[in-house]
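Reviewing the structure listed below.
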């Protein structure tokens, strides 16, 4: 695998929502990143519905139907439906397959009846738990790959939120341990992704399906979620921001293995990935408040191609079921952005999105298109190793955070940030030395299995 | 302000894409007078229908006028509504017209026409959202059922007592508020405890299939237009369980 | 009562979200219409919670707390909480009062602890059912007025969605009967509002509370809701649009009686009212999809001062409870608009909102600021009677709908519109003649009581 | 791109407004060595704590070091966390440091320190979201409880058996998924049926007060930091009903 060594976008000023340098076209002809933002709706089954394949199929049938119908009702031109596998669907690869086939059929029906353009993304659950199984060789691994094979048949896009490195990350994040975070994301996460995504891309190519992308959810979103809002006292927002920058270098591996995008919605690092790869990305922010709060609700839409709600449990609201309600909201969000495109006001509109959150907190700041691009640049300029580029991303992130006086950082968080920087500076230059150091430091962490990553 | 004429990425006017070509009602009779009556009904013109009926009554049997003029005219309207050609008000107006015509015929007959069956409708206690119920009433009337309209905000006991007094073939309830829909299972339980196992069709924005099929007797009604068809099934002998498995699930 | 005879805004080009010519300031110092859009969150209690005052208070306590807390969590600077009375709260005026006092206290606590700016709107339920009671003289009427008295004590804003004319409206709307619609809105609704709002404004002045405004919900929203989306076949969208234009002349009465705004969220006619009165208005659109779908999700925000979700039932989502989730979403919507203000891009941003829905359907079209302003102008130029101005609003609305070839109307809806116009043209010139005509035509409509309106 | 420096109408940085002034730990001992140990714990420095403890052990009683150095140091950290001065990782690191120190003292003592009480923690069957549980574990450890960590994705029967085997004073469960939380009432029912009425504190993003107080034994835990305090209440004799009425509702 060759690490990226140049930027797809020559300047961040060229990055815009709705348009990617390398748009992709689905089996059914939906173009993503081809000029318009498209909503991506993600319904989640209610508890109990997972009991049998029949009840689960019925649940997804309703949820996906409601979303498609609402698009027709209010006139949203196109939609992507994502179903994130619950563990039962990946543990029984036939379940995931049946639901994929059912959804493909629903999409076809809406196309014929109304002319609605839609596509389906199947996100396989990563049921390989790093602390329990060998990531490369276990029953869970086999199930994951089998699920990809079976879903790729009828799905338009396949994705996963891969777990490599999670065992070390979980240990490190609650210990303020930036070394462990770097190790888990850059080395462990990166190696696992290379192994896994080579296989996913191969499947996608054989099945003429789109290999979408991964997300650093298991690490960066955990950190962002723990940093929380303005009341929480779990971890500093500055640490969450560093985690995100490092995580971008990890998620990028999917595309280096051949994934073409659209990147997966909960990858808040996606603006960085778009800057590097030029591929379309799915993003989520304010209209995924149904799934979690965040401090970058608008800014994260600045360069999105798909616009998602992350996940909403099926439920009746006064205005219809949740998939219908959120399909409507996302579609209107997209419609405003697409109007901006049609009017030639996209720069102004984008500036409004960015200014909403650029100084709301560290995450919004580093994910503003300019800063995201700069972090991307640091990554491609340090392409000699996963380690080098990930560390460079962290340094650039810290430099940016400290460099703009308009971004206010609490005393404690600033102090913490300076502390992480000191640790990062003390780390060895070469990847091998770093790995040696970490193998010693983390060898006793519960569940850490070096051979899951081809180490030792 | 700038307005863009290319709206293709912004919205799709699916209504334009699916608009069905206009169709008029089919010929329902070779008799000139009966066809004229049916046409007036289809036009939803109450006055003209009355005139045409009055005129026809001079020569024709009232039952013939009803069964070969008024009702076939209404049936055509229902068909066009089902096909998406007509909108609701046309159905209501035609129904008004048909009812006015039937009234004249009944006067001539000297006795009211036998209705298909009695149905009680109501809107839940505490709820005054009655547009849904009004539509149901109109559609049931149009289809020849006798509607006993208890109105809005009807206490549970009033509903139960009305059922005992009228012995309807079907009961309907409408609830638009989550705080009022809880009356439905209570009504159903009371009816059940009296062994009065009448199909209880519940609709309105607040209720959903899961809620309504969660209690005995309950059948969920998604669209008002389902009410006459459900009542028709009952006339053909369907029990509440059969109705539920046909219309819900 | 003097009917408005001039426009507060000289040109629609001056109308902008966040700013009203006549901003209002609440007891606690929150300025509405003073430069920024503020979210207005409306939680709705779960079924069962209405059983006792205690359970209902607990329900609102949680819901309102969750919304306030989420604002602090994500940094939304200000919020208005609206509680729409369920019938129990108005039937027992002490209930409404207790909940008002409790909420005022919560707001105070958040102000002290975090500096959050908030305000409370109590919307009394109009429990006077026109088909059952005399609107001016009944137990229900007494309860409504008592509720206003008691809530005005601690609430910042009081409002109502008044019901006058509903009996005739309901009869007419399903009969395609534009005469009845005009009668119910202009004559019946207008007279009832004059009676009612004189009293509300008096109470508000005595209690130093803000008399917000009314809404044509009972008529225009019923029509809009029945017209539905692009699949429904209940009533034509063109009829719903006419109903809205006529309804604007009705809702305006609140302000002519002395209400100062903010107008009530579900009044989609509010852009017209803002053009005439210059007062701040609450609006709802895409982020009230939780309450109902509509075809004007973005355009309706173009000149809003408060931005609301209409109503969301209390419920847990993955991202928190519904009041928290929707407070977050509304606040981010507002943040993007407020960024536009800060950047001086508000015109561009507004254009994007407008273009999203201007040609999506008749409602979005007539509520675009320019068209809304023109309808307002027709209203003030025909100030000799409620009848004259309402009919003028309808004609202007029809003229606009037929005048822009970019607005596509289905064959059936256009034909219907021409039919309504013919009927409108056939109506008498003078209000008294119109009333005579309607009294004859509707005297037998179930529940119609002329003396509720001081007629006959 | 244009950036506005006046963000006052856009957002408010409530974190800046409420940031508490930095405070350091209070003096806990006039003894130089004990104070040094407490300081090392408060710094969350495992190595330095070990050194300081080793040094102190040459002259002092291990129990004195534990009770007058290590634990008071940790208590200070907990206090500062409660006051919003410290963040979670400081608590965890201090806890790690304290535990390392205690371990050395125990070696010297030749037997393990008596813990305050046994607590079993787990993450629900099917669920691997364990950060919440990790925090709970760390805080309980830090507060001197013996934590039996069953890990993630723990089958119902394994939880029940562990309870029977260890007889803990409290059981905790974490669930982040609505499809996994259903295990909790099942566990509670099994325990109940065996008359093992142990408080079962359930937390995690998926569960809420209503759900958890909907089954016997269940107490809803909003924040991980509540776990030690709840366990403290149990030590003082609180039954699950008392815990529930104190912490929930």
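Order as written gives the chain letters A, B, C and D; numbering starts at 1 within each chain.
One rule holds in what follows: a contact is a pair of C-beta atoms (placed from the backbone, for glycine too) under 8 Å apart; a residue touches a chain by one contact, two chains touch by 3 or more.
Please read these numbers as outputs of a predicted model, since none were measured by experiment.
K.L.:
Could you run down the chains that neighbour subunit A and subunit B together?
P.N.:
The common neighbours are C.
K.L.:
Starting from the mean Cα coordinates of subunit A and subunit D, work out the distance between those two points in Å.
P.N.:
Each chain reduced to its C-alpha mean, subunit A and subunit D end up 31 Å apart.
K.L.:
Subunit C to subunit D: how many Å between their CA centres?
P.N.:
Their C-alpha centroids are separated by 50 Å.
K.L.:
Roughly how far is subunit B from subunit D, centre to centre by C-alpha average, rounded to an integer in Å?
P.N.:
Distance between chain centres, rounded to whole Å: 62 Å.
K.L.:
Residues of subunit C touching 2+ other chains?
P.N.:
Where subunit C meets two or more other chains at a single residue, that happens at 44, 72, 74-75, 230-231, 313, 318, 335, 338-339, 342-343, 345, 351, 354-357, 360.
K.L.:
Counting only residues that touch at least two other chains, what does the list for subunit D look like?
P.N.:
Touching at least two other chains: 2, 4, 7, 10-11, 13-14, 18, 178.
K.L.:
Line, ring, star, complete or other: which describes how these chains touch one another?
P.N.:
The chain contacts form none of line, ring, star or complete graph.
K.L.:
Which pairs of chains touch each other?
P.N.:
A-B, A-C, A-D, B-C, C-D
K.L.:
Spell out the residues on subunit C that touch subunit B in their complex, using ranges where they run on.
P.N.:
Within the complex, subunit C contacts subunit B at residues 13, 44-48, 50, 86-87, 129, 131, 170, 173-176, 222, 226, 230-231, 233-236, 313, 347, 350-351, 354-360, 369-370, 406, 408, 410-412, 416.
K.L.:
Enumerate the contact residues on subunit B facing subunit C in the complex.
P.N.:
Per the touch definition, subunit B meets subunit C at residues 1-5, 7, 10-11, 13-16, 18-19, 22, 44, 81, 84, 86-90, 92-93, 96, 126, 128, 130-131, 134-135, 138, 151-153, 177-179, 181-182.
K.L.:
Across the complex, what residues on subunit C touch subunit D?
P.N.:
Contacts found on subunit C: 18, 35-36, 72, 74-77, 113-116, 316, 318, 335, 338-339, 341-343, 345.
K.L.:
Quick one: in the complex, what on subunit C touches subunit A?
P.N.:
44, 69-70, 72-75, 228-232, 285-295, 297-298, 311-313, 315, 317-320, 322, 324-326, 328-329, 332-333, 335-340, 342-343, 345, 348-349, 351-357, 360-361
K.L.:
Residue numbers of subunit D touching subunit C in their complex, please.
P.N.:
These residues of subunit D touch subunit C: 2, 4, 6-14, 17-18, 178, 205-206, 208.
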